[in-house]
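Shared between the two complexes below is chain A, which pairs with chain B and chain C, respectively.
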Partner chain A sequence: MFYNYLKITFAVLKRRKLLTFISLFGVSFTLTILIVTVSFYDHVFSAKYPDLKRNQMLYISRVVSKDSKSGGTNTSPSGYYLIKEYVSKMKTPEKIGFATQPSTINIYNPGGNKLRVFYKYTDANFWDLHEFDFKQGKPYGQQNLDNHENVIVINEKTRDDYFGKNVDAIGKTFEIINEPYKVIGVVRGSPITRFYSSSDIYIPYNLTKENLSLNHRLHGSYTIFLKGNSKQDLINIRKEFADIVPKLPFTEYDHWFKPDKHYIFADNYVEAFSRELFGDTDTPGLIKFYLLLAFSAFIFMLLPAINLINININRIMERASEIGIRKAFGASANTLVKQFLVENIFVSLLGTLIAIALSIISIYYINHTNLIAYSDLTINWKVLTLAIIFSFAFGLISGVYPAWRMSKMNIVEALKY
Partner chain B sequence: MIKLQNIDKVYRTSTIETMALNNINLAIDKGEFLSIMGPSGCGKSTLLNIIGLLDEPTNGVIEIAGEKASGLPDKKLSAFRNRKLGFVFQSYHLINDLPVLDNVELPLLYRSMSAAERKKLAAEALEKVGLSNRMYHYPSQLSGGQKQRVAIARAIVGKPAIILADEPTGNLDSAMGNEIMEILIDLNKNDKTTIVMVTHDENMSKMTHRLVRLFDGSQVS
Partner chain C sequence: MINHLFKLIWKKKRANFLMMLEFFISFMILFAVWTICTYYFRNFKQPDGITADRVWAVFTDFHSDTLRKEAKELINQRLIGFKEIESFSFSNSNIPFSFSNANRDFSYQKLKKSSEFMHFDPSIEKVLGLQLVAGRWYEEGDKTNKNKPILINRNLSEALFKSESPLGKLLEEDDSTRYRIIGVLENFKFKSDFEKPAACVFIPTEDRTDVVIIKLREDVNKQFEVKLTKELTSLGNNWEIEVQHMDEMKKNKNQLMLVPILILFIISTFLIINVALGIFGILFQVINQRKEEIGIRRAVGANQQGILTQFIIETVIIATLSIILGIFFAIQFPLLNVFDVETSTYILGILLAVISIYLIVVVCAFLPSKLASKIYPALALHEE
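Then we have the complex of A and B:
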């Protein structure tokens, strides 16, 4: 039976070339965008280079202080005071590190060419918490920080742009706004979408011009990394930190902003990301985040699906006579619905194959052009599974109504076509 | 074999009501070859469609092979048509996208049967109508007479007790029409298949056991 369904599907697809093209184009184009989007989601949220320990880490990315009387809120990354006085004294994390988010700066290479680069300040533990691939040299350690050495780590592209392609940069001087730094390590670059770890230049945090001794400032410019070894560790870390928050001091920043409550959380990566976009004071807004993703995917599939429903109705109406014949010889309405759904899902799956090919080309293009530097989008089994699920959903959405409508057709009327 | 009691068929639109069939009472015996004649629009095809359970009467009862066949739910009705009835239409109604063999095996798709068995029975049916050499041709590659023979093969492949033929020779020249009639007569004689045929052709009707005439939706003889 199934084979017969496929046979007629192929025959009809071959006969109506324009309709086939429109149907397949609709399906494959929609799915290509979905696959690339899912691949991009995977690129942003999966534990990939150099964030390979992401699933063992919690992030304190945002400090929110609220003045309930004036309604004023101060939101920023964490301050050095919070790290030094509270977080660094925590017992449950296996390792604690911190880094600023990437900022941009213009520098000039020895040839006088302007380079626009990202830089970030990190502590020494940052290198243990991430798995950077050192192409030359090594990371700076606590000793370098204690000695206040002007050392930096740069990525390969920055090395190539500053010193020349594949030049051995270790020990060479790298100037950032008239300040000389010695290059101590060169790492493989990572995409900026991994913004907790990605940068072109890494500088020891104690070389910052910022005054680190500012008292009682919980606010600052750092993201804190807390590493555990197991899920239970992460639960314990969250709990320990949650117990610290109520004990944090309230700094009277000025006379009209007097915060009386802090909202600071140790989040996993997705929560930290979601909190930035959808979070309120208490929750990271994960439900909103996932709902938005699901809704966007649904709407994105719905619009072409409605179009395909229209095409499918025409395609099926054109086969009214066949429907009449099949019914006359014993096909029930349910059997016909099944047949047309199988056909539609088959067309969708065919569209999926084309979509996968198109996605591979698109992803190759994204990875090999400078659209996102160092991007390493991939089509993995998760992406493929989702694509097939989307395709099934698409086939069902665009096939159910036409199939149901034609199955209800009066046989005598159908045979008149 | 077939019993129609007080069958009416009324077509209603918002402005007009048309009585297509009016109080038809008809009993057709097992193994009978019955023809239905009458002028265009007198309700012949409507009557055949009602006998074939392709359409529902407005009033009245249909019994086929001792079973009350009107008012059955879709699934049972479909199974009933599949087992008991075979259709031959004036314009053949073959599926042009499928080769002859696949067209013929179509009724068997809705029975639990292996593909090999389906193919075997379809090939036998085609042999019976003399078209074994056209199995893998498409309908568009056949003449009108050949198409109608394929349609007959499809109607008999499931070995139904009743064949309903709606002007089976209507689109054919007399020589081809006679060929088709010979096949139907042979089926009736040798396989004891009950046949109900709508025709315009007096000569064809004379070859059947009994003739029913309709006029304006009523049975006149």
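Then we have the complex of A and C:
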């Protein structure tokens, strides 16, 4: 039966080439844009180089202090004091690390050319929590930090720009505005969209010019990484940290701003992201975030779907005689609806195949034009599954109404043509 | 004739309803895209009022607050010594084309306006090529006044004082803080080329040194940037200095505005092409189904031209109905003043959207209608 449906579909597709082209064009371009978007989503949120352990990690990315009387809030990344006095004393995390978010600085290579680079201060554990691919040398360890050595890790692009292409940079001096550093490692670069770990230059945190010991502030510039081994570990870490938050002191205030509550959470990656954008103080706003994504996809698919419905309805009219005869020989409305839906989903899937080909081309283009340096968008099985779900949804949305119209067709009317 | 066409459209209302819906959504998308384009284009055409060429912004970070005044004097002394520098001025971090902004509400009598807040010294006029339209800059004697002296831009002056002169009037920030307006600066773009100059208030820099804005002489060589950074860094302990070129900052901000517009443009173009092709295909199909009708019309005396216009006008009527519905929704934006955009921009957006829809309709309806008009009555009626 199913095979017969497919044969009929092909026959119909071949009959009206223009309409077939228009349907396939609509389906494939709509899905191409959706697939590229999903691929970008995957690029941002999946555990990829160098954040391969992202799913075993929790992030404390921001400290919010609120003055409930005046309504004022102070939001920033975590301070060193919070890490030293509270987080580092936690028992549940298997490993704790921290790093600043990337900031930019101008440096000048020996030839006097300006390089605008991202730099980041990290601790030694940062290197264990992320899986960097070292092309040359090695990361700095606790030993280097304890000795206050001026060592840095740079990425390949910065090495090429500063020292020359593929030069062995280990042990060479890298000057950041009057301050000489020794290059100790060269890593493969990573896209800046993974901003908790990505940077051009990595510097040990205790070389920062801030005075760390005097600093009693919970607010600062660090993102804290907490690693657990299992799902249960992560739950325990969240719990332990949630118990610490009410004990935190209120150190920063002046005459107009007296905070009386801190909102600080250990979140997974997506939660940390959506809390930044959509969350209020208590919930990470995940529901809002996903609803917004779903709503945008729906709005975007609406116009192509209506277009396809319109085309489909016109195609049925053309097949009135076929439908009339099938009805006359006893096909139920249900069978006809089913047949038409199968046909329509088949067309959608055909469109999906074209869309996947187009997506591979666009993604290749995005990856190779340096739109985002080091971008590694891919079409993996997750993206593909979503693409097929989208295409089924599209086929259903655009097929149900025409199929219903068809099944309602009066036999006598239909056979008149 | 028109009555007859309405009757025809009404008879096929279900199929036509879908087409109307498509036109309606397309109209709304086109309205949005054209309004945004018009808005940015009009802003782009406005004079800049500021020159970013050969201007550098030196961002400083001293890692301490206590030495500000001394630090400013040190930098001042050092900068005067450079013969490459034409002029320079101190400011806070909220400078033109930077990523920070500072907003506050200012009011005069009952009018209130949210304004950008910048710290400028009189020397900024030469550095950025700004223009004073009325009044004067701050002077030494102003320090003793009870109400701090400020300058405002023309935009704020027009918003709060209409055609009156704002000079000497008191601007209120809250109940206790009042400023005396002593001058008005010409509008200048400070976010990007595509944003209109918002209302601005300028107050004295005093001992703030977050940024030094420098105007260079012509033909300063590339090495000067290294020299400047190194010398300023070595003036103090733990100082951090970062030089940015204002023309690059401006380019960055422009790009940041353009990329989303470009993506919007690509997606909507694709949607519109999709709709156009759909309508094209459907009309082909419809004409096939209405062959007998066309045959009869031709048999009883309609000429080719008549058939052609009939089909085009039928589609145009459907489009017009959806455009009327679309305009009803679109007109709510200027009426309710949802965004801070001039009414004329919305109207231009609507107008361009209407034109684009009719263009699509006529182009897509022409070929199928032409085909319809070519149908031979004998052949068409033979199939019956």
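Convention: the second predicted complex is superposed on the first by the 414 of 417 C-alpha atoms of A that agree within 3 Å, B and C clash if a C-alpha of one lies under 4 Å from a C-alpha of the other, contacts with A are read in each partner's own complex, and residues count from 1 in each chain.
The rule is short, and it goes like this: a contact is a pair of C-beta atoms (placed from the backbone, for glycine too) under 8 Å apart; a residue touches a chain by one contact, two chains touch by 3 or more.
Please read these numbers as outputs of a predicted model, since none were measured by experiment.
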When chain B and chain C are modelled together on chain A, clash or fit: fit
Chain B versus chain C as contact partner of A:411, first or second or both or neither: first
Spatial angle chain C-chain A-chain B, Cα centroids [nearest 10 degrees]: 90
Chain B or chain C, by number of chain A residues touched: C
Touching partner for A:177 - first (chain B), second (chain C), both, neither: second
Which of chain B and chain C A:112 touches, first, second, both or neither: second
Three-chain overlay, closest Cα atoms of chain B and chain C, distance in Å: 9
Common interface positions of chain A, toward chain B and toward chain C: none
For the chain C and chain A complex, residues of the former touching the latter: 15, 18-19, 21-22, 25-26, 29, 63, 222-223, 225-226, 229-230, 233-234, 238, 240-244, 267, 270-271, 274-275, 277-278, 280-282, 284-286, 288-289
In the complex, chain A residues that touch chain B: 1, 3-4, 7-8, 11-12, 15, 321-322, 324-335, 410-412, 415
Of chain B, residues touching chain A in the complex: 49, 52, 54-55, 74-75, 78-79, 81-83, 86-87, 89, 93-95, 97-98, 102, 106-107, 109-111, 115, 154, 158
In the complex, chain A residues that touch chain C: 16, 18-19, 22, 25-26, 29-30, 33, 104-106, 108, 112-114, 177-178, 209-211, 300, 302-304, 306-311, 313-315, 317-318
